[in-house]
């Protein structure tokens, strides 16, 4: 009888110890901004059959990593390596390039964004989004005096690709025209909104909010030119978001 | 015989010439046992003759090599030396019931017999007929649709006998056919063996139940330690001892 | 031929009724649904995520089913001694091996088809894409698994079922890395290692030659000629492996 009691006590104590240990671990492992990302070489040597799956895993990891750090400590040290890894393993994974480029913009590395997009365009020459985004990035971040022209070149290249939207050509024209900086920036962000998915749209709205006047009249005047250069549906969606808090 | 692994030594004779249904000459069988592959000699020169139309009993204490002898005769094992001759035209004319048989859990009794019939190349019509006939013979018609997994030992034994007879064999080898059967079952099996004998079939069975052997067999052989130490008719045995038990004890302990 | 058919049908019945199989299939379906969740955190890449991870799940669970069922197929018969019932009838060892293989292939076809159609429907519903490539990818996975089943059956004729299962999985993994072995053969540093690499390269089935999964997510365009050639290669490989298995099995005693 005694033996049984002792046995039960021992087992219960051990179980309690197991639970207590786990519960007492720190709530969250310190979020390490620098994460080990293997070089693409390592995975390229692995089976081709699972390359895309590995790319997908790292893509999801990348999205999560970005989400965790961009609003927190803002350190995205491993992001470039991740973007490179995913895009090397899966060169036709368009979303990875585009997400990566914008995320790297947040990581204060627009130069790397540009490189990534160029690689993306090399691997996917039939995809107009790449040259279109390249144009945007040149305009937004380059410091050359003739960046407008370079950006316009990219837009023209994009427009030359079959099935690209019509407004790309118009954007090129706007850039080469005489309008002010703000006006051109508005056009760029409009294009990003039109071309992009939910993530890009958030970025576009954020970018526009930064440069648009706050008064309703001025805002409407500033946004008006987008009517000509954006597809109707996207224009309406964008204006809905920009004028959300305003009285009709 | 064209079965894999059957009949080495001096070659297999065709049935027509010999009167023997089973003819085993100087069979030796050695197996490698355990991790170190220790050589153990199970059969040490078995000589056995079973005449056509006989009901033959193979007796002996446990470990004498009875089951091994039957397996070598069937080609399930290859003899290390010696010869095997079956007086029938191949395994298509043989029926075999192994000791403690185990069959496919997931099949019903009927499905299992159908499978066995297929293995003998019977066509659909003949299969159906034969399966139903045998189910009647072993009184398993009611349980024919139940999965073998649910059969009792006695039922398994009976389906085992049925599968041994599915091809209407000339030579029937039964290893402990009475195990697990209730008195009714045992009587049924005895009747089956008697009927086979009446139809001129050869039956050989191993058994520990000497009363059954006395009732059914005309000739017997007694094995011990891998050899046949006595072979003859039941009458000859009873000349030398008051009962078969006494004769068996006498021979085995000599 | 009739025996081959009988054993094939029997094996199919045996494996498809295995409840363990059903559990695995359910797990596979769960995993595929897990791809849905992954898709939801992927910023609009549901289609790709579900396709990719779904195919990995089909591959993985298909492998588990193939290996564990194949490993036990032969082993179970020997262990449960149903082989006695089988080989005391005119059944060739080769027909046995072939029948086991084909029967299991039938079951695998049902399982993979189920998972494949489910994945196809999932992709259609979630991403609005009727992706025929997904079905083709599943078909290619099936072809790969044929080779794995053959190799596992081969290993199971030689001994333990668990070892056969483990080796089957190893061969699958090795097959995925086949092109690495090819690279080794071209290093040319040492004629001995080069020769050894060639031997390994030929023996291990090549699963990296055609990658339909990448095609399913848009990473590759596929040449039908290539796929056809590779399928023929795998079928030839299966024939060789099964022949070897039959040879080993011929020597076996029960």
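Each chain carries a letter (A, B and C) given by its place in the written order, and its residues are counted from 1.
Heads up, the rule we're going with is that contacts are C-beta pairs under 8 Å (C-beta built on N, C-alpha and C of every residue); 3 or more make two chains touch, one makes a residue touch a chain.
Model, not experiment: these values are computed from the prediction.
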Touching chain A and also chain B, the following chains: C
Pair joined by the larger number of C-beta contacts - A-C, B-C: B-C
Chain closest to the middle [Cα centroid of all protein chains]: C
Rounded Å distance, chain A centre to chain B centre (Cα mean): 79
Chain B-chain C separation of Cα centroids, rounded to whole Å: 41
Footprint of chain B on chain C - complex, ascending: 2-3, 5-7, 9-10, 13-14, 17-18, 80-93, 250-251, 253-254
Complex contacts: residues of chain A adjacent to chain C: 45-53, 56, 59-60, 63-64, 90-93, 95, 99, 197-199
Parts of chain B lying in touch with chain C, wherever the complex brings them together: 3-5, 31, 71, 74-78, 90-92, 94, 96, 98, 100-104, 106-107, 111, 115-116, 118-121, 160, 163, 167, 173
Residue ranges of chain C in contact with chain A within the complex: 38, 41-45, 48-49, 52-53, 55-56, 176-177, 179-180, 207-208, 211, 213-214, 217-219
